[in-house]
Amino acid sequence: MNKEITKEVIAEHGLSESEYEMILSILGREPNFTELGIFSVMWSEHCSYKSSRKHLGTLPTKAPYVVHGPGENAGVVDIGDGFVAVFKMESHNHPSFIEPYEGAATGVGGILRDVFTMGARPVALLDSLRFGSPEHPRTKYLVDGVVSGISGYGNCVGVPTVGGEMFFNGSYDGNILVNVFCLGIAKKDKIFTGICEGVGNPVIYVGSKTGRDGIHGATMASGEFDEKSEEKRPTVQVGDPFTEKLLIEACLEAMKSDAILGIQDMGAAGLTSSSCEMAGRGGTGIEMNIDDIPRREEGMTAYELLLSESQERMLIVAKRGREEELINIYKKWGLEGVVVGKVTGDGLFRIVEKGETVVEIPVADISNKAPIYDRPSKRPAYLDALQNFDTDKVAEPKDYNQTLLKLIGSLNLGSKEWVYQQYDHTIRTDTVTLPGSDASVIRVKGTKKGIAITSDCNPRLCYLDPYMGGAMAVAEAARNIACSGGKPMAITDNLNFGNPEKPEVMWQMKEAIRGISDACVALGTPVVSGNVSLYNETNGIGIYPTPTIGAIGVVEDIKKCVTQYIKGEGELLFLIGSNKKSLAGSEYLSLIHGLEKGTISPLDLDTEKRLQTALLAAIDKEIIRSAHDCSEGGLAITIAESCMSGDKTFGAEVSIEDDGRIDNILFGEGQSRIIVSILDKDRNILEELFLANGIETSYLGKTGGVNLSIRVNNNQTISCPIEQIKKAWAEAIPSYMA
Amino acid sequence: MKFGIVVFPGSNCDHDCYHAVKHVLGQEAAFIWHANPDLNGCDALIVPGGFSYGDYLRAGAMAAISPALTEIKAFVKRGNPVIGICNGFQILLESGILPGAMIRNKDLRFICKDTFLRVENNNSKFTNKFNDKKLISLPIAHAEGSYYADAEELKRLEGEGRVLFRYADKEGNVSNDTNPNGSLLNIAGILNKEGNALGMMPHPERSMESIVGNEDGRLIFESMIEAVS
Amino acid sequence: MKKAKIHVMLKEGVLDPQGKAAHKSLESLGYKGIEGVRIGKYIEVTLADDADGDRDKLVREMCQRLLSNPVIENYEIEWEK
Amino acid sequence: MKKAKIHVMLKEGVLDPQGKAAHKSLESLGYKGIEGVRIGKYIEVTLADDADGDRDKLVREMCQRLLSNPVIENYEIEWEK
């Protein structure tokens, strides 16, 4: 296609003038239309990380057990016994807003491919979701579509979805977030990477045929939304989980031969980015014959074939002479495999159409000379006013029973069973800890071990203080892992922000990354993979900064796993930790008073580390009957959850001595607090163990009876049948969605 | 004894069934590939759950016309035990080995949760090890599990003791409230006329080890082993 | 007789949860006077020009063997003119 | 104008995994000369006799708001005579 390259065409491709100048100097000539398209997707925010790369470089990525850090398709961590955990989180925000079912479904498909392309069998998924306010007219439709999409795809491929998050807030009205985490397990000596090696080796295309799906999809994900985005609608891809399932099985079978040298999925920017990235890693070139690319429709141009984001496709570099063998494995699974090119030694990305070279670009320059921006950043002016707000000014509620019921019956604090019941979470028969606890635990067959996984981020805290919020997301994730009995090992981060061209947004991102960094160093959890999603902004209104953290930990003996719910009557309840808290940034202040303001209670990373270490020691001694992180909703909500989130429901008699406002005592939020239950006989061991680590423990009361009763400084403040609380909690989402 | 586990494109509980009979129960197990099904040496078959052919068109419809089903039908005719679980049940229905059909769950959503099942007949090839156990708990995970058959067929199933499992509550009561998917008569599992083919929506292979739930599922496979020996 | 247009509907008496749900949703969107909604499948099978034999019989057979389930569904075939 | 018969089909160019799978399956049954299979939805909406207003406009609106997904699907309305 020889469309003329005008200023308009360049602008349509989202390339700036200076970027175009760079293209001219790389090529030493004008690019043709197809080449322009290639640069446009490869240099889009989505593929090049041009606004974030500089800052991502500051994240800690190393530990003795890290096998592959960022840069590969997914992070790889050694978990012992000859196994590695392979994991990553990725966003599919914009596509899910436009077409929630297919957007979310293909999001699941994409992250699965990132994991099995490394040679790992995907064993679990988590979905971290943010929607607009419940009253927004589109919210219900989006929730329904996104959850069905994840369910439709994940269930069909047979990978359990074992947990996640769901948070509603007006800042997501025009930009929802759909972040999906995938965990895979592989043998340590059987890891594959996306590398293009050995001049003359064949390049094989496998999987679905290429259609006109999602052309410019990558560019769309990097462009701010406006009214015109309606027109970009046909760029949405449709997923085929059945083909994905076949692709997983065929790839894992093909990897058992030693015929594969490198393999990579075709994700954003499809064939172009997969082949360029593979050649880039190998320091080689790649030549493909566009006429050989399997296609779904007639009349497709090289431009379309190279930029299409059709799903369920992979690119393989094989050993010469072994291509038939591989193609036959794919054929057995009903999939197409075609040799479409070869590895070259000239360092060029070359595309040939009907015998003529139509694209020729130096591979190294596409990635190395990709623009990197050090965008200006500035602390938002509004932060002072927000942080200086005095939360003591708000009126205290009169009826704490009603306040508790209202909070626990809200969409953010209500039970998420409506969501995870639609996900097959027991397939593969390895889900030791089911969704509904702080972290879920997946057994590693053939060992005594389990892998604990969770995803966390409180965007409200990130909005009020992005540095603290970022650090808190890491701390909460690690704390949730520890509560389940796992030792936190490593994280993946999915950084969702607004428009990076705004200095305030840039500042939020820099601060959040700094917070993540500090927390990862302090807690010993390096970042091994991640994803950045920017321009989550509609008509100038951006989302709350949302650096979602996915974390994994190792449970040495799955028999010692701990869940968040109380196991019987007469258990003693303890609050572990310093009990620092504030109303600022709390769910209570937002839901009851409509305020999202104030100075949040800070995180002390040293305390956090000691708290988790001591908790894991107590779990190892098998004295902890239940452990539940005290996060959104504060102390009263956490105790209520402990009482009712298991198969059986228990009442409790709790008595708290504390000063300050009662609403802060009950619903204030702070870090490094955990509610545990133990047997009476273990009380001394517990108190001594935490004391030895410099962590406070306070006795709260006993489980039993039919009421949740909370006395504050000897005044009965809450007394409510636990079944009534449970009903409000259980019906929150079903009644909203009905 | 040797279990054959039939693998269709899109089957995804095949490995779980294999693990259940091979590693938990210590029996022989072999995967049977749909395209060249060789049932030689198999004493019993498991048609596992999943989304054969993506469940496109109708769940189980495309698997039901595959070459494997010709062999499975003959295997059933010879009197050997066959259990179809979830998608496997749907395949047995679509192929006519079992009567009736499956439609979408009443609320249209996929449901994954533990269910209690009342055992209606302790005397079959699949329940002979239950002794007087009348209630078990197994997980379900499906979107099309609402069993349908016309009134005459239902009468026949009831009359011949071929309804094996019904969705119940933890006391064993069967009612509308304990029906997760809209199945007629709360049916969760049925037998063929000869009593050697069982179709059930709940997943016994997921309840084999207490660390990941309970061990109620073992009883079903152990009954099959008993029936064969 | 190139393109067969096939309608597959649940039989009278078989619960149609999809139709019922759509009906309810339409009502909650404010559409009142709806008597009923039924949802079925629409399948187009395009035959090659050189496919021979009795085309109607052929497609009828496809419906019986695969495209519909006679226990719960009826089907109708129309040919595009 | 009582019963609206609505056909909802994936837009040209949008992947139709169902149709693709059914096509393959029919071929494996031995049906050769099939050029293509596409699968969509067929919906019947029956209006009450006293429903007033522009019936065609009404049903078109239902299609846009609920019965079809305009991002990837097209729909057609026919009225039973």
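Assorted remarks:
For clarity, chains are labelled A, B, C and D in written order, and residue numbers in each chain start from 1.
The rule we apply is simple: a residue touches a chain if its C-beta (ideal position, glycine included) is under 8 Å from a C-beta of that chain, and two chains touch if they have at least 3 such contacts.
Given the structure is predicted, the values throughout are model-derived calculations rather than measurements.
Any chain touching chain B that also touches chain C appears here: D.
In terms of C-beta pairs in contact, the better-connected of the chain pairs B-D and A-B is A-B.
Centre to centre, using the average C-alpha position, chain A and chain D are separated by 36 Å.
Centres computed as Cα averages put chain A at a distance of 41 Å from chain C. Shared interface positions of chain B, defined as residues touching 2 or more other chains, are 53-54, 56-57, 62, 65. Shared interface positions of chain A, defined as residues touching 2 or more other chains, are 240, 242-243, 334. In chain D, 17, 21-22, 25, 29, 39 are the positions where the chain touches two or more neighbouring chains simultaneously.
Contacting chain pairs (ordered by label): A-B, A-D, B-C, B-D, C-D.
The residues of chain B lying in touch with chain D in their complex are 53-54, 56-57, 62, 65-66.
Listing the residues of chain C that touch chain B in their complex gives 10, 14-15, 17-18, 21, 41, 65-67, 69, 71-72. Chain contact summary for the complex, chain D toward chain C: residues 7-9, 19, 22, 25-26, 29, 31-48, 50-52, 58, 62, 65-67.
The residues of chain A lying in touch with chain B in their complex are 148, 151-152, 155-158, 240-243, 245-246, 333-334, 420-432, 443, 445, 558-559. Contact residues of chain B toward chain C in the complex are 57-58, 61-62, 65, 93-94, 99-101, 103-108, 146, 148-149, 182.
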